[in-house]
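Take a look at the structures below.
Each of the two complexes below includes subunit A, the first together with subunit B, the second together with subunit C.
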Partner chain A sequence: MTYDALKKSLWMYASGPDDDVVVSSRIRLARNIAHIPFPEAASDEHMAQVLALVAQAQNNDAMQQFPTQWLSLSELDAVQLHLLIEKHVISPQLAQCSEHSAVMLSEDESLSVMVNEEDHLRMQVLLPGLQLHEAWRQAYALDEALESTLDFAFHDQLGYLTSCLTNVGTGIRASVMLHLPGLALKKRIHDVIESVTQIGLVVRGLYGEGTDAKGNLYQVSNQMTLGKREEDIIDHLQNVVRQIVDHEKLSRSQLIHDTPAALADRLWRSFGALAHAHIMTSKEATEKLSDLRFGIDIGLIDPPPKRPMNELLVMTQPGFLQMQFGDEMSPMHRDVYRAKLLREALADR
Partner chain B sequence: MKCQQCQSRSAALHVTKTINGMRKEIHLCESCAMEMSGINVKENDFSLYKLLAGIIKDSISEDDFMEQADDMVATDTCSVCQTTYGQFVKSGKLGCASCYGHFGKRFMPSLKRIHTATEHVGKLPRRNRNEVQIKRRVTDLKALLMRLVAAEEYERATQVRDEIRMLERGGDLA
Partner chain C sequence: MTYDALKKSLWMYASGPDDDVVVSSRIRLARNIAHIPFPEAASDEHMAQVLALVAQAQNNDAMQQFPTQWLSLSELDAVQLHLLIEKHVISPQLAQCSEHSAVMLSEDESLSVMVNEEDHLRMQVLLPGLQLHEAWRQAYALDEALESTLDFAFHDQLGYLTSCLTNVGTGIRASVMLHLPGLALKKRIHDVIESVTQIGLVVRGLYGEGTDAKGNLYQVSNQMTLGKREEDIIDHLQNVVRQIVDHEKLSRSQLIHDTPAALADRLWRSFGALAHAHIMTSKEATEKLSDLRFGIDIGLIDPPPKRPMNELLVMTQPGFLQMQFGDEMSPMHRDVYRAKLLREALADR
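Showing the complex of A and B:
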């Protein structure tokens, strides 16, 4: 098995609708194979059985429309696992049970199927920009293809059965990653989060459950998975996201109109630090990259660096630095390499 | 075992408590238990504790009792995957599809709180898509039939009744 973990995922380099605010869209479906205990209560033999059944399904006729590579997590090293998490291709939870887990990955990495995470299968479609409906179309087709040879645990009343009650029914988690520097600078972000939470949506940080919102990046997703059709869940999220996008754009134009010098000063100072600093912590890089992205999106920092912002965001994460520059790096070394990488990227405009 | 209160229905709740060396046993059917405690079991998944607490709070302290009720519920075990209700409460994860049947009654109120619904209306698996669609259609038609009869629209009601019969006899969706 050869896998180049430094390979870029589609969302990192391709553009998409409304991508000046919506970084990426994701649809995830949770499924379990009938008559086998969920991973929580599964024995090693059960897990092996799940791996074998999914590996078999990978090669069924219907799956030929989704060519994928099979990665056994036990054959990847810690740095490679870290990279897959940083690219949002797998979850941190999957990496924790790497002994019996695997991931099926499409060539452009927009499509992945995690095996033996919290549920037997977690299918994911991850696209750049606001493309929830397209992601759902692909996830639906992937589900159908896998189902042609896999029998999923299903209950007439409760729908698809999952290990956690929060996923039962459709098993769907639709989410978008939003970059909201305007709302943050106008100090309106908490109002937005509060109102979004009141209408059945969840707001999280960059790396999902339990993580902080770094670099003004927020994940918004549906909470309820039962009692609504997938299309309705997605429409609801899409409508709310459209409103957040409008609010963010309004905040941005207010900042440009009301305090142009202060805004330009802030964003160009961040550019200066990214372009010239020799030591850059992960926290500082994430904050400054948010300013840089903001500056590019409003046309202030022009021309933009050739490397896409999503790529820079991921490339400055610890796993990527470790992989690119090799060796076991101390945090101090990492900060030096991060600064070097950013200087080179910003010189190339 | 018969309910010690009404002496007719079979007992569904059994509690044993030893206080100062004295063994006390209580056996009640669900309706007597509800009546005695004034709590509806079906409304709240944790009401079982309160329910029993209400019944025997005269004889033992509530804390003692809660501990025991907790133990009793916590050791309830799914016969297929051996996951206990206690493990589920702690981890938030069920062990297998059968856990839904085994613990369903206990967690149904929580499920309703999370999703504000208890009925799946989304995508269906290919293998029983037709079957579930027919069931859904029959449920809808039966509701429609009730409304039509109430509105005295007998002609349409007859058509709907015939469609229900056709579907229930194995007919296919139009």
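Showing the complex of A and C:
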């Protein structure tokens, strides 16, 4: 089956609770099929066996409530893979081992199951705004449906067995993508990251592990998966995120109250650059789109652009641009085309 | 008589030959009344005598072809004086000795006669574009008209006597205001200034002697006034300006041909900042308005803003802004109000 790269991901277009700060919420479950080595140690035959078993499970009775398409990563080109990463539908790791990997994907891309990433199965539910509990409800149901015909590796005392020790137990990773321009401008962001890290949560950049926090976008997720109930993990993250959201909103109020002209100047200048520049790097676009998103969320930039901010963010990433022009595109051409896309997107505000 | 500060100067609104490079042409004649000490050495009585004589001459028969209003500088407030300087109608020097000074001003402000500046009379004709010969024609006629009832200090061998030795002889200063963004971007501007200086011309900034060349605006004028016919002085300046105009146009063509994206990026980003910033200093406005003027003159920024560039330049100077709000305006308020004026001026492009 081919992948329609222009397909719209739910998290990019729908709204959700507190989505002026919380861009998206995600639950990921790591599962492995019993009696088959983890992907790291698996032979080609083992991996093919996993693919066959999961493909079979895709069609079991319980899975009929989750209609998905099956994409073999070996059939996708580099640009399509890049785009799936930029849309947060698959991980960069899965794209790297694309030969024996696949992904099951729901129509709105809110549900996905990566096959033969670090674990045999990585299920993901990705929703707009702060919806950790709803994401968990869907992930739980998806897990049940797959488990109705798959035999997951499970240890009575440890729980689900996973490739990486940090995932053993519940195999759950709950995360949120936060947009924190207020805390960044008030220079409080490092204090917040430090506090969050001290209570056992992890803070990462836009594209997960090892990436920088570009455009004031931060991923916050749980670290521990062993010896805790899933609900407790999610409650804990939800409570911390609630507090970060409050801090962010306080910082925004202070900026609006204390330095309204300086704030308007910064955010509108970023709009001016996005709407008029003819050359723009990915880095600058991400930074200025953060300002624009901030301006829209506080009602300063009104009317907002018709194109959703998440779409502008994704469409200015290198993968999306290459999809339009193929691999031939030089970085300079990319910067020129990115600026053109942004001008067009902001012209009909 | 009061001064209507919102009156429009001809050079700011009319078009003229080569006005994509030559903003304006100016002829200034220095004259002194015989047997009265130069202003530098004159008593209050002497200056009052000069004012009376010139006021009388304003109404002589020959002057009927040049209808002018009479403004006593002592009756203008600091803000009105500042604005007259920014419109290039009077010199900063005249404003400094405002107690015994006056200016005669034609309806379109293209003709002016400063009284009791460095010399008793300084006549000025200021026209848009490259019109040195036309400006000289008018200045000559104005000089004749005033001389029909005034006795100018004249020496058979030296010519007209003036306060400063550099003006003795013809008493003429011919100058043009040039906008040279192409030469500036191609880093050729210093070579041009050096060449021009070596052949006996003077290069100055936007507001004459001792001011910086802000916004790529340069005043080029003759240095010598003694032992040359006025026509020769003007021909010489005209020829040199012609060459500078050609060099500037060549630089512009090269920029458009060699680095079109970089040029469009720079000029449109300046437009974006002017159209959207909420705080803007006078320095930044002048620089960015130079980019905007450049973009309009090469047809890149199309349609151009409805407000003429010269008006935008003048209305963002401190004097104009203070006129709107009085002396109370702090520099920060000025920067906020300047940005507001520019946003409004560029919104209805």
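Basically, the second predicted complex is superposed on the first by the 346 of 349 C-alpha atoms of A that agree within 3 Å, B and C clash if a C-alpha of one lies under 4 Å from a C-alpha of the other, contacts with A are read in each partner's own complex, and residues count from 1 in each chain.
Following the convention adopted for this analysis, a contact is a pair of C-beta atoms (placed from the backbone, for glycine too) under 8 Å apart; a residue touches a chain by one contact, two chains touch by 3 or more.
For clarity, every value in this text was computed on a predicted model and none was experimentally measured.
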If you count the residues of subunit A that each partner touches, which comes out higher, subunit B or subunit C?
B
Does the superposition put A:Thr170 against subunit B (first), subunit C (second), both, or neither?
first
Tell me which partner A:Gly159 touches in the superposition: subunit B (first), subunit C (second), both or neither.
first
Applying the document's definition of touch, where does A:Phe38 land relative to subunit B and subunit C: first, second, both, or neither?
first
Now for A:Glu147: first (subunit B), second (subunit C), both, or neither, which partner does it touch?
first
Touching A:Ala261 in the superposition: subunit B (first), subunit C (second), both, neither?
second
From the superposed pair, tell me which subunit A residues show up as contacts to subunit B and also as contacts to subunit C.
none
Subunit B - residues contacting subunit A, complex
80-83, 91-97, 100, 107, 110-111, 114-128, 132, 135
In the complex, go through subunit C and note every residue touching subunit A.
261-262, 264-265, 268-269, 271-273, 275-279, 332, 336, 339
How about subunit A: which of its residues touch subunit B in the complex?
32, 34-38, 40-41, 118, 140, 143-144, 147-148, 151-161, 163-166, 168-170, 172, 223-230
